[in-house]
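Heads up, there are several structures right after this.
Shared between the two complexes below is chain A, which has chain B as its partner in the first and chain C in the second.
The block that comes next holds the complex of A and B.
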């Protein structure tokens, strides 16, 4: 009896401890450290995202505090409106075109340049900085440089002479979006090179030595050792490039003056800005935002499935 | 990337603040309450100088109802900043830069106070601005803005470029579309300038105020873009104006690419669509002349209408001391302060008796006389629901057909008119 009582008395605190452990984890102090970021995520991302989803199902507009306004639930009406709007549909097609150019170009160029910068080449440090500078420079300043290069009377057309496109790059429906895609690729390249450089440090040098002994040339080593060796980084680069590309705004706003010519370079975020902020229709703007978020999530999931496979 | 983060964050923040709710500060008592108030001024140096002098004069006489003035906080446009302030409940009492195009939206947001609700409010607006006040009346028949000042747009031309192109610089033929096109052709063919006229060919909703709309106002004899809930521009006048601009773009007399800077100041364009502010801005830097906007068959200048490019004053519902705000509004638009505004900025107070009231000023500054005369025949943007969406719909169709030559102009106008009429009919 005595032994049973002792067992029961020791079981009680042990089971309550295990309950506490199940809820708070083995190191409850960790929650304290994680809490600030969790609160930040909830307040700055989760709540606004949830609110945007809610707004997309209402006939919603921003109103003064205390103003008596009617903002009824409208179901999928906002989604029907935006999907029926040719300008919105076009903006999504534009951004798909952008991603098809930007993402592969980003992956290929950043991996090739990172491999080159990882080798023993003269002026390596200076080149690494040079590639990183556009990434840390304000877009507005870079756009001014590209306007100088690609406007009708710009340096590129002067060099091309009679071969210059007509209409010029930034007012040409077929060329405006590709120019923006190349601009963004160039601007972001430094960051992605940095990711690949970090990944390259984890590829064992012995593999290259073994390949060299087996007679593999540089290109063969690159395709058979480097590319598979940095696959996790490639997944990250593809997903990040897709997310940042889908949020395209500054470049069509500044470089092609609001998505011109005639909407050929408009993007969903630019249309969101026009509808939500300029025209006071946050309901339809939120619907565009929700569609964009779902689209980006789907693309990212597909990318992950394709690239992470063994 | 910063811009998209900014746009999305601003929108989401507006949503968060709106959902939080709070006190509007717009109780009925507020209309008689007096005390300190805050006002926002436009950010151009001349208007700030006028605003500060006006505030100083008011504060000297009313120490218990002190006015604090500041520039409109930085943002993409004033309208975005004001819209965000309304939602957040921290709009100032008065904004001396309220765009008439944004008033329907601010009104819908519950951000504006009808001036009619103050004793003598509507009478004050109508007695000061005369018949033109009606253009600023909201569909509910009330005034949510006081018509303050206009910048009636006209054609500025560079006399030196005209001379170089072999055109009479003192009297260039610009009255009819044919004359305007022939003069433009001479300018470009001679190489005197890259473009005859270079309005921004960009897609912002307000750009049509400086190409299509002034000429449409003239051609139609003073019609607004939307009247009685219906779009007016799908008409002979609208088509005539749109075809005129389409010819300028098709012939290379206007450029399809935006100029990064001021094409007129940089002498890249021989002409520009401007308001009286241009007199001070271009001053002696450009040897300029001024002409009314052209019409298809030519009209005498005293029959020609144009776009007003007005900026008005709104009284906002977040204001706690609305009694003081209304008195400051009247003080700032008094004959004396309007005279100061004219003197310091060259912009035209929206007064019915402008030229006779300030006859001395116009005698001393004859270069403003033409604008003052034009100021009596101006057309405002329509005060209708979804005003900005209507202008954007118009701009999109205009850009495609007129600037970039895609599809027929008449079909584009018909499509834009159908959309504008539908939008104007929504609440």
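The block that comes next holds the complex of A and C.
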């Protein structure tokens, strides 16, 4: 994978040396350096990934360490159970609702704020810090403030007065998921702003100057130059925001007290936790995980195709 | 998170795009948008702090600008319930372990991926990228089966650290930075007879110090803020990191406390402060490009 000129040219390779090179590569020491990381990836990524798929096809249950138990292969049985379960279907629909709110909002707000920040001369550093502070702070800590702000007697309702929703935000089945979607947008936005800020540096300045000479208004040059100019970053933002959404757990667990009211804000990972660990059915939980991974990969592929054409 | 490289290469020093519009008057809408945005981002943090200092929760607008009556009672209340020192120590050990493994093995792996040629290099790089796309949460069930059920590592620091031990984003950042160093540097050192370990330690590492800071900051917020995994492995209260014990407090006990929000917010402040302080202190490094321009020239 490397193209650089190499030190090997300074050696006079003997035949045994060249055989070793053919088997291990030119610098076998690299194997030693990379080995701990490779073992780590095999143990906590590759093997669990395979295990997840395998468990999802078994009648699997927890047993004491070392105990010999029969875990028969059941084919697609777990997938049938999962897809027929209204709570699981609800959680997938919830996450789709989440993504429909979160992803467009994330793309628009982070691009607008990034390009505003890109042009700001004074206070750039301080503003940038202000924007990414929620991103670096624990969800658990931020959820605490949002619980306070959005509780029925909280500041948001105090401000709205008679306009406050009833039942209040987090216990209202129509509003719980949108509040979570907005919370996650707010928390993650700083990271995406940094991403767009980096992408904006690659948009040629001459394009803006030419547009200004042609008398284009700022909004026109935003839609005609900035938006197409950062399209590769947009693909990335959409994919990463989708992955974040698919991972949703902490927010429904804490903000809406376990996906409430009545499952209106449950997420697939939350249902995975409830079924797999609370109720001791790792097989159906793994099936949910596999479906979710396939779903995320499909959405990512479609995004790439749609956004990267031409 | 495969975007670290882009973050790294941000050119903060380039002249802003709207050098074209010279009239000062047209700048104000931009600053209005930016200031409104900043207010929305920062206000909850301010409110967290104020809420944690109030004896009685005051949710009116005036309550956000208290004129007196601030107290540290909420902090001692949450401390009585959670044992903040123990929880912080657990968070620290969890985070410290991950940082240690990432620095030692992540740097070695990043260096090998960038600068050495060995069998399986391409595969390792591909898997490293894949790890960033397949989210951890989806592997939670099989990893739980392995760590807790098969190896019996529940309620241990080892079980907590294991799945996070080497941060792949950090390995990726290390690789990108080692790649940017000029090849001449390495061939010269090799001709002088320096071993790879020596080259890594005394030549390459000092040159990539900014990458080290960035990677460590990103690695820090992973375990420090993580909730789901330590929540699954730790059932004993005195093994739980702060994020987990605070979350348990929110979902179980809060209803019975005298001023639940005050205590919750006090815990939230303690949990938030280390990350916020680190990122404010090192904010220059978080997007710095000094190294990029330093070696490209």
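Simple rule for what comes next: the second predicted complex is superposed on the first by the 266 of 310 C-alpha atoms of A that agree within 3 Å, B and C clash if a C-alpha of one lies under 4 Å from a C-alpha of the other, contacts with A are read in each partner's own complex, and residues count from 1 in each chain.
Assume a residue touches a chain if its C-beta (ideal position, glycine included) is under 8 Å from a C-beta of that chain, and two chains touch if they have at least 3 such contacts.
Worth saying up front: this structure is predicted, and the values here are computed from it rather than measured.
Engineer: Once the shared chain is lined up, is A:249 touching chain B (first), chain C (second), both, or neither of them?
Structural biologist: Both: A:249 reaches chain B and chain C.
Engineer: Of the partners chain B and chain C, which touch A:269 in the superposed model: first, second, both, neither?
Structural biologist: In the superposition, A:269 contacts both chain B and chain C.
Engineer: Is A:29 contacted by the first partner chain B, the second partner chain C, both or neither?
Structural biologist: The answer is second: A:29 touches chain C but not chain B.
Engineer: Return first, second, both or neither, reflecting whether A:285 touches chain B, chain C, both chains, or no partner chain.
Structural biologist: Once the two structures are laid over each other on A, A:285 reaches both partners.
Engineer: After the superposition on A, what does A:48 contact: first (chain B), second (chain C), both or neither?
Structural biologist: After superposing on A, A:48 lies in contact with both chain B and chain C.
Engineer: With the two complexes superposed on chain A, say which partner A:62 touches: chain B (first), chain C (second), both, or neither.
Structural biologist: both
Engineer: Just to be sure I read the superposition right, which of the two partners does A:261 touch: chain B = first, chain C = second, or both, or neither?
Structural biologist: A:261: touches chain B, not chain C.
Engineer: A:222 in the overlay: touching chain B, chain C, both, or neither? Say first, second, both or neither.
Structural biologist: neither
Engineer: Of chain B and chain C, which one touches more residues of chain A?
Structural biologist: Answer, by number of touched residues of chain A: C.
Engineer: Just which bits of chain A does chain B share with chain C as contact spots?
Structural biologist: 47-48, 51-52, 55, 62-63, 65, 138-139, 144, 147, 151, 153, 247, 249-250, 253-254, 257-258, 269, 272-273, 276-277, 282, 285-286, 289
Engineer: Under the definition above, what is the set of chain A residues touching chain B in their complex?
Structural biologist: Going by the criterion above, the answer is residues 47-48, 51-52, 55, 61-69, 87, 138-139, 144, 147, 151-153, 167-168, 170-171, 173, 244, 247-250, 253-254, 257-263, 269, 272-282, 285-286, 289.
Engineer: Which chain A residues qualify as touching chain C in the complex?
Structural biologist: That would be residues 1-2, 4-7, 10, 23-31, 33-34, 36-38, 40-41, 44-49, 51-52, 55, 62-63, 65, 112-113, 115-121, 123-125, 127-134, 136-149, 151, 153-155, 158-159, 186, 189-190, 194-195, 197-201, 203, 205, 208-209, 212, 218, 233, 236, 240, 243, 246-247, 249-250, 253-254, 257-258, 269, 272-273, 276-277, 282, 285-286, 289, 292-293, 296, 300 of chain A.
Engineer: In their complex, what parts of chain C are in touch with chain A?
Structural biologist: Of all residues in chain C, those touching chain A are 1-3, 6-7, 9-12, 14-21, 26, 30-31, 33-34, 37-38, 40-42, 44-45, 47-48, 51, 57, 59-61, 63-64, 105-106, 108-109, 111-113, 116-122, 124-125, 127-128, 130-131, 133-146, 149-152, 162-163, 165-166, 168, 171, 183, 186-187, 190-191, 196, 221, 224-225, 227-228, 232, 243, 246-247, 250-251, 261, 264-265, 267-269, 271-272, 275-276, 278-280, 283-284, 286-287.
Engineer: Which chain B residues qualify as touching chain A in the complex?
Structural biologist: Residues in contact with chain A: 1-5, 7-8, 10-26, 76-77, 79-80, 83, 86-89, 91, 105, 108-111, 194, 200-205, 255-258, 260, 317-318, 386, 388-389, 392, 396, 399-400, 403-404, 406.
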